[in-house]
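As written, the chains take the letters A, B, C and D, and residue 1 is the first residue of each chain.
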Amino acid sequence: MAKRIDDFKIVDNKRLTEDLFILELEGNDSISEFKPGQFVQVRVDESPGTFLRRPISIHDVDYKRNTFKLLIQTAGQGTIKLSELSAGDSLNLIYPLGNSFSDPGQGERILLVGGGVGIAPLLFMGKHLLSIGYRPDWLLGFRSRERTIDLEDYRQIGNVFLTTEDGSAGEKGYVTNHSVLEEKRYDRVYCCGPDPMMKAVASYCSRKGINCEVSLENLMACGIGICLCCIVTTVKGNICTCTDGPVFNITELKW
Amino acid sequence: MVNLGFSIGNLHFKNPVLTASGTCGFGPELDDFIDISSLGGLVVKGTTMEPREGNPYPRMAETPSGMLNAVGLQNKGIDNFEKNIYPVISKYDTNIIVNVNGSNIEDYVALSARLDRLDKIAAIELNISCPNVKKGGMIFGTNLDSAREVTRAVRAAYSKILIVKLSPNVTNIVDFARVVEEEGADSVSLINTLLGMSIDIAGMKPSLSTITGGLSGPAIKPVALRMVWQVARAVKIPVMGMGGIMTWSDAVEFFLAGAAAVQVGTATFIDPQAPVKILEGLENYLSQKGFSDIKDIVGYINRRK
Amino acid sequence: MVNLGFSIGNLHFKNPVLTASGTCGFGPELDDFIDISSLGGLVVKGTTMEPREGNPYPRMAETPSGMLNAVGLQNKGIDNFEKNIYPVISKYDTNIIVNVNGSNIEDYVALSARLDRLDKIAAIELNISCPNVKKGGMIFGTNLDSAREVTRAVRAAYSKILIVKLSPNVTNIVDFARVVEEEGADSVSLINTLLGMSIDIAGMKPSLSTITGGLSGPAIKPVALRMVWQVARAVKIPVMGMGGIMTWSDAVEFFLAGAAAVQVGTATFIDPQAPVKILEGLENYLSQKGFSDIKDIVGYINRRK
Amino acid sequence: MAKRIDDFKIVDNKRLTEDLFILELEGNDSISEFKPGQFVQVRVDESPGTFLRRPISIHDVDYKRNTFKLLIQTAGQGTIKLSELSAGDSLNLIYPLGNSFSDPGQGERILLVGGGVGIAPLLFMGKHLLSIGYRPDWLLGFRSRERTIDLEDYRQIGNVFLTTEDGSAGEKGYVTNHSVLEEKRYDRVYCCGPDPMMKAVASYCSRKGINCEVSLENLMACGIGICLCCIVTTVKGNICTCTDGPVFNITELKW
């Protein structure tokens, strides 16, 4: 759909862990056109520490209630301020931005791999996959049990395999260490998380010949392709993460 | 009705609000948000003869009321522009201006000559002030002899409206404005970005791959305004002002200081509708203050003493 | 324990956080808020031989993340300083530095010679970069020959530690740093304010009585940091960095870029305790990062390549 | 007293007219030392439009409830943001700043002259005068009836004479046009308001030989005497409004 700029009303702000929270926003007529993997550019406020907008993935869309969610990690001034918003406040967004995950091929076995707040765009994708007839598995990594969110929504979509760095929940280690990768065979991976994690997953997938898409979180100034700040080096040269991405097939990336 | 039109030489602009180079893509990127044809002009992004990949990531850092960028003139070159972009943007009913860059005088001249043949390109903006390339760019804009030489050479090769974009990273910007005026520039635009830097203290390393980059946004507005004021008093050719214009009231400051037109840059990243909102606000201000022509306020602060 | 001390020549500073000239009065104005003696130094306000009334009101304007000032070196002259101020501030157990100004070389020399006789004045900061006076000031700081001449003359007249304060309003600040180093300066401090301007659009007139003024505050930090980085790599003498330092993390950026010490200016207007908070935050940062000496981070970004 | 810097809690925010409101703040042990004419420097927030603090006069001190008030006019970004604060919010102040009005001589007849938000420092002075045995008159000017605040507190101190520019309340015109100035004789005037008004009152007073103090509202960066931005030209040269003022006897000023 065409990009738009609008104020949205916050209907809920829910704290999940010490540093993760979900903002739920009231949608409008555009909501049916949001695609999994897309993001929005959030105008936090006018303080000098948050001059530019902040890019945040579309986490979940509720077509019945006509709302959508953003899953956000407090990282600095901007996200801290967002965490202080409450129902009734309004938030200016440019939306929906970027490309989206591509649909899998007929009968493919799918794994959704998320690390920390990187799970944000994957829930929307998982629900989409379910709606078109797939039952993907989840492989999710967190720092520790306390930093793990409630995974009920994810379990409704498929099996959840979990890792934590300290072993306080699921298997100990990084997602790429999880035993499921030895035991099961997947045809396609969708992945989002910290850069080192995505690189490790990408290298695993290319070794195994698994089709893999990653969602990058490059620094962005505009989000709409006019500043050329968010580039990633690909086989086609430097291209914009905000318009040509954020989702890339790993075969395109020069990693 | 307020008359917002102005001219540079024989080129008429329907109003004095343009987009700034490198901050509006080629125009179509903004089609979802605004009608480009409603603006006075579109200054497309920095173009070079050959394709360029620009600088490595990371290329940007936020700073108080501003940002640093180190894009480094990434573009697909003039052949691609002529073939793929020009046909698309020719549809805009406004003045299209190409921002011209090169590593040496020959490049600048060759590119200007190519652009001279494109009917729908109303003017070029000679960028001798890009701080983000190792060769050319700011080196021309911070040395008077080089500024003179490149302007002279391009003037000889280009028949239409020549705007020269000046660097603020100099001791006396007025000298540069005078020199390029002498060499036949039809207008000067200023300011390009201030050379700045920022450090990621967690990583203990520079925030940009290139260490230094170009500072833009409201932070630089006082410097930009001062330079526009200085230059507008010193030259006879029209001055295009820019640097940190976020709202119509910022734009009014530039007109009062002597700018004949303004370009909107970084503001568009935060609000893609900014150029149009600024235009509307400007028109409102003028009619509320009872002015019938934008020219009535250009350089106003110099008039009464 | 973290060692925060550093030296310029034979002058030891207990820590590298000082107040900046013109932003801390003479010191006693801050006694209610902080213990000046806990700081590395106190750079008192710009002083001249004769009393000066400074510029007319209005002298200040707020800008995005910064402010413009046009104080213009208002001060009661050296006689008053020696008689009424010096005895009072001599009590501070820290390095007291006088910011020295003049309209011509003779003034600078005469004032420096006078200050050489005052025991408790550890050093002078030669201000060749004030943008707010018609004569002297920035004129010396934006012309290489003048900068050389005034530094040479003052060096001959002044036996203690000589710091020269550089202007950012130049094409290449490194040239200036090198010249004053050659002429015997023991340190350079930078940056003074950027020349800027703002317009009151309701009144349709400049916000300052002097039209242009000096821009300070976070807005200028990226420019200041870039210049400190450039200069620190080019000279052997210690560099005092300043420009928009509001918090300890801003200060850390300057150290990583190569500053041996920092001065805190405009921040003190907003929080009179800022210099002390910055010092505390710096110490915390160093011990958390496991550094035992401030020198371990000075110029850190240049070390690994 | 020594200057201090502290956070204060807002206990009330009351709207008086379209552009005037009162913030009431919880005091601390310093409140007994506040003097009429003094002001505070308010840290609004961190947005680029309010980089510096804003000087606001101490409007009223309630020793019993241990609170004090600021009467504020929305003039721009800073004061608009202050108007949006509510009970429970906290506000950082540097206080108390500046000199104060001087006490009148024995038996002097006193007029307090205020224009618009310029009445702010005068209520505190009026209460002080009452407490030391004077009954001053008030001469207050507003734009119109709608812009006039409830004057009950003022009437408790002395007679109130009113002007509005449009004549919708009190006498029509400026304070200097009010008939009371013809009819009554005063020994001392304390005045605060817009510059042109204070100049008109000052010139009236010097013509009549009335002792007159005005409270200036010069632009300030620091409020504590370290920036030299707030100067006023006096017979002693340029001196700081924030430390040598804001209250000046008109004989000192080069007006």
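Here is the rule we use: contacts are C-beta pairs under 8 Å (C-beta built on N, C-alpha and C of every residue); 3 or more make two chains touch, one makes a residue touch a chain.
These figures come from a predicted structure and were not determined experimentally.
Separation of chain B from chain C in touch steps, taking the shortest path, is 1. Chain pairs A-B and A-C differ in how many C-beta pairs are in contact, and the one with more is A-B. Spacing of chain A relative to chain B, judged by their CA centroids, is 36 angstrom. One finds 55 Å separating the Cα centroids of chain A and chain D. Spacing of chain B relative to chain D, judged by their CA centroids, is 47 angstrom.
Residue positions of chain C with contacts to 2 or more other chains are 63-66, 217-218. Chain contacts: chain A has residues 48-49, 51 touching two or more partner chains. Across the interface of their complex, chain C is touched by residues 63-66, 68, 142, 169-172, 194-199, 201, 204-206, 211-212, 215, 217-223, 225-226, 229, 244, 249, 252-253, 256-257, 285, 297, 300-301, 304 of chain B.
By the touch rule above, chain A contacts chain D in their complex via residues 45-49, 51.
By the touch rule above, chain C contacts chain A in their complex via residues 64-65, 218. The residues of chain B lying in touch with chain A in their complex are 22-25, 29-30, 32-33, 45, 51, 53-54, 56-67, 69, 71, 74, 217-218, 266, 268-273.
Chain D meets chain C in the complex at residues 2-5, 43, 48-53, 94, 218-222, 224-233, 237-238, 243.
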